[in-house]
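Each of the two complexes below includes chain A, the first together with chain B, the second together with chain C.
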Partner chain A sequence: MEIPSWLLSPRLWDFLFDGVVSTLILLTIVWAERKIAARVQMRVGPLHVSPRLGGYFQLIADAVRFVMQEVIITVDSYRVLFVALPPLFVALALMPSFMVPLSPYLALLSRPSLHYGIIMALAVLFYLFIIVVGMGWAVNNRFAYIGAAREALIITAYEIPLLDAFASMFLTYRTIDPIEIVAKQTYIVGALYNPLAFIVYIIGVAMATSRFPFEIADYEGDVATGPYSDFSSIFLALTYAGGIYIALFSYSLLGALVFLGGWAPIAPGPWPADLWGNLAAAAWVMIKTFILMLFFVFLRSVMPVARLDHTLSFSWRWVLTIAVAATAVSAAEYFLL
Partner chain B sequence: MGLKMEQYGLVLSEVESGPGGKRTLELLFGPQHPTSGHIRFFVELDGDIIVDIRPDPGFVHRTMEKLGETRHFMMNIPLFERLSLPDAINVTWAYSMAVERMLGYDVSERAEYLRTLFGEMSRISVHLYDLALHAIMIGSSTGFMYGFGLRDLLVNLWAIATGARTTPTWVLPGGVRRAPPKAFYERLAGFLDFLDRKMDEFYRLVVKNPVGYYRLKDVGYLGKSDAAAYLATGPGARGSGVDWDARRDMPYGVYKQLEWEVRVHDEGDSLARTLVRIEEVREAARIIRQLLKAMPMDGPLVGHNATHKIPPKEREMLNELVRMSGYYVTTTNLAEGTGVTEGGRGRYFFQVFGAGTERLFRVRISTPSWQNLRAFMKATIGARLMDLPAIYGSFGFFPPEADR
Partner chain C sequence: MAGQKVGEAIRAVLDVIGLGLKYTLRPERLTIYYPYEVPDYMGRVRGWIGLWTERCTSCMICARICPTNAIKMYMEKNGRRYPGIDYGRCIMCHYCIDACPTYALYPTDMRDLAFYRHEDMMYTPDMMRRPPQVPKLVPQVVKVVHEYSGGRVVKVRLGEPGEHKPLPPAPSVPVVES
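Let's look at the complex of A and B:
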């Protein structure tokens, strides 16, 4: 039987793989976050929905609940943005993962646009904060207002170091092309090329996706989940309870490509060039992404929330310094290697 | 406040006030807020700094003092317990002490030991409760679960001894209601060992953790003279260097015969108050270990005078449990009595006035949270908004107890 050529299209498979696997990873990561926290905290965690699977379907039950819940739009909110921004948040958070390749052939974009994939992905991800600030403005509530102001303050603190970390890696690899970047990590991954940049990346992503200890804009303690405080039901699932994990997924995918070697195989040698080989390479990328995400969600179990001013001064004073040092390391590598 | 709906949002939210006409933002913090508890604060913010804060308590005012006049004085014990359920024993102990002094009852030696033991367990319970809430207020869910997980073991011990996890209703005028079974003593020792180990972990996870440390360090400063002037009590005072503890300075129970220290820290910040709590948990464990050795295992549960109120047939089991029918036919004297105990959050004070009937003429209650409220407000002014939960938790402010 002849297989139609569109069925073997790399774009189709990239789209399907990214869509399906990212959904699975998101469900698993939320479940893992709860289970890890429960393990640390002498609890059981989600269990009673599907006890044999360790309560994995609790996530499905929660998702159904979010969808079925009444949508409440507060009276004095700006209704257009209130409704429009949460879907936009998810769209912007998920879009970057379609801009980078998952294997040498699996990619939605083709050259020359694929060449700029990582840059475009970062650019889109940095737009997320505008959505958050917009939500804080749209709900018209003082807690949301303060949370939005905090979000705006924090992006100034993490944006430059995070960009600098990626720029350092581009300097080390002498390219911005994602496929070439992965090819250069066959023996040594980026985190070993430039550990300082990796540290800056970890801190920057924790700030960008408000992981602990930087859950400041949506800190429950004083601003009651800040910009998201008046969202309920599906809107909450699209932003605070779900969308933020999608942003974390996109950031982690970039990190897996740039710092953890992407699909560079464990044993040297190229992946098979057929469909299964490419899917295996993509799965290897996703496993690395998942491990990075596991680290970020694990922080919730061990960290309190840092103070806003401490975070800002820490970021401007130390993270930026480390980022500059990372650039120096990369510059040395650029000339020496 | 009287804010209209359209004024509440961003549009007209800033008001001119304060010296120099500074533009400040008024934030209504509570009572429907994740960390406010049953109280509202009007927080006036200049940027990120709290320039003024006014408390609006009373959301859980249950007219405890008035209710205390409407029923038999024995029925007040389960009522006043609800002032502060985590600290149930110390509250009822203070009330029983006041009634004992009014009626002229004595307390049997065994009951004094048992009360001291349970009072220290109550202290551990309330400190774990407050430390847990403090941890979740500064964002550490692990500290929260540790505190409540440990406290669950403790309330199970209470259930063994008294039949109820959170409402023991165990202290009576003149003594205690039931003798704990052997299993209680056996499990208590194991619990204390586990507690010591887990408190070390809690300390490392929440307080020694650099993030948690800088959330608490130099936050919510309350000077020694301020703490004294605002009549702060409990860890709120001892964290500011005020060396006062009712257990030592107004002795009751068998504390005088035991070796223990009043824990005082001079720094006056949230960290000092938290450390006082953690160290008091360890001190309480130390006291309980001594009590387990010195505890008389047999003897009447109530004192001599109270025994004579109990019908002879019901006195037979007085070493195991107290039948309360005798109490219910007792009337109050035309006298007054006061009782002071040191609860986990500070000094409990009860004053009762007898009416000659079975009801009391008047009950006065002073609770530590209410006393700490002004010191808490004083410590909060000048802090940052993110510090408010850190200061709130460090005082262990408990609105149901403050509102009575």
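Let's look at the complex of A and C:
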């Protein structure tokens, strides 16, 4: 039987794999976050829906509830942005995962633009939290204003160190091409090349996606979920309850490619060049992404919430210093290796 | 950060991550997962209050001693008044049972009382003659208890999961030697 050529298109398979696997990972990660927090707090967590699967289908039930809930648009809000920004948030959060390759051949972009994949992904991700500030303005209540102001301050705190961490890795690898970056991590992953940059990446992503201990802009105890405080139903699912995990997924995918070796195989030797080999490579990337995300959601169960001024001083005093030190390490590697 | 050494902060972060990993891998859950698990009070509990109308002399001491005014005396067809308890007010102090001179009120250990409406909480004397029946919720029920073990609280199962037992019927009036 002749297989039509469009069925073997790498773009189609990249799109399908990324879409399906990212959905599965998101469902699993939200479930895992609740179960881990429950275990650490000596509770049981979601169980009653599907007890044999440990309550996994609770997420499906929550999703159905979010979709069926009434959409409420408050009187004081700016209606256009209130409706337009949550879908834009999800679109921008998911877009970076389509800009980077999942294996040497599985990629949506082709060569000249794929070369700048990680740079474009970072640019899109840094736009994402300007949208959060916009949401705080559109929602227009006091908690949203405070949350948006906090988010704006947090952006200044994490943006430069996070960018610096990625730039250090580019300096170490002497390239910004994602495929070449992964090819250089065949034996030593990037986190071992430059541990300081990896630490900065961990802290920066925890700030960027408001994981604990940096859940400041949308901390429920202080500001009632901040910029998202008047969102309900599908808007909440697109932003606070779902979209921010998609942003975490995109950041973790970048981290898996740059710091954890991407699809670089465990045993030396390349993956097979056929479709199954490429899908296996993509699955290996996704496993690394999942482990990174698991660490970020694990922080919720053990960390307190830092104060805003503490976070800012910590970021400008220490994280920026570590980022500059990481750049120095990378510069040394650039000249020595 | 302020007034804290960097080494201490790093060690604290690593410590808490280790502790979280320990509990993630080997959880010590304290939740009593009702109705699959029920707490065993070992009889040391004040619960639902029953009434033997045959013994009641309508002296109204129970209504007078009730600290929350939960007991109301209902007129019955035979022209006498019998107590009925409003479980929305009752705090299960069992003063009425202690005060009853003829032992007409008797204690039980039923704590699992739930009502759909507020009117359902108003027990009339004929309702107080028969203990409320708990419906069968799950096939297997196990009794658990919280215990101290090595300086910390742990949840211990008492025996194997067993059948859900329906509550015993209303006790008949015991004979009392006068």
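Keep this in mind: the second predicted complex is superposed on the first by the 337 of 337 C-alpha atoms of A that agree within 3 Å, B and C clash if a C-alpha of one lies under 4 Å from a C-alpha of the other, contacts with A are read in each partner's own complex, and residues count from 1 in each chain.
Quick note on the criterion: contacts are C-beta pairs under 8 Å (C-beta built on N, C-alpha and C of every residue); 3 or more make two chains touch, one makes a residue touch a chain.
Predicted model only: the values in this text are computed from it and were never measured.
*Asks:* Which term applies to chain B and chain C once both are placed on chain A by superposition, clash or fit?
*Replies:* Because the two structures are overlaid on the shared chain, the partners are seen to clash.
*Asks:* On the A-aligned overlay, A:V67 touches which partner chain: chain B = first, chain C = second, or both, or neither?
*Replies:* neither
*Asks:* Which holds for A:H310: it touches chain B only (first), chain C only (second), both, or neither?
*Replies:* both
*Asks:* A:V302 contacts which: chain B (first), chain C (second), both, neither?
*Replies:* In the superposition, A:V302 touches chain B and chain C alike.
*Asks:* With the two complexes superposed on chain A, say which partner A:I146 touches: chain B (first), chain C (second), both, or neither.
*Replies:* A:I146 sits against chain B, while chain C stays out of touch.
*Asks:* First (chain B), second (chain C), both or neither: which does A:M42 touch?
*Replies:* In the superposition, A:M42 contacts both chain B and chain C.
*Asks:* In the superposed arrangement, does A:A328 touch chain B (first), chain C (second), both or neither?
*Replies:* The answer is neither, since A:A328 touches no partner chain.
*Asks:* On chain A, which partner touches more residues: chain B or chain C?
*Replies:* Of chain B and chain C, the partner in contact with more residues of chain A is B.
*Asks:* Both chain B and chain C contact which residues of chain A?
*Replies:* 40, 42-43, 301-303, 310
*Asks:* Which positions of chain A touch chain C when the two form their complex?
*Replies:* Residues in contact with chain C: 36, 39-40, 42-44, 47, 298, 301-303, 310, 313-314, 317-318.
*Asks:* Mind pulling up the chain B residues that touch chain A in the complex?
*Replies:* 5-6, 8-11, 13, 25, 27-29, 33-35, 48, 135, 137-143, 145-146, 149, 205-206, 209, 211-212, 214-215, 384-390
*Asks:* What residues of chain A sit close enough to touch chain B in their complex?
*Replies:* The contact residues of chain A facing chain B are 37, 40-43, 75-76, 137, 140-143, 145-146, 212-213, 215-216, 219-224, 300-310.
*Asks:* Considering the complex alone, what residue numbers of chain C touch chain A?
*Replies:* 1-2, 16-17, 19-21, 23-24, 27-31, 33
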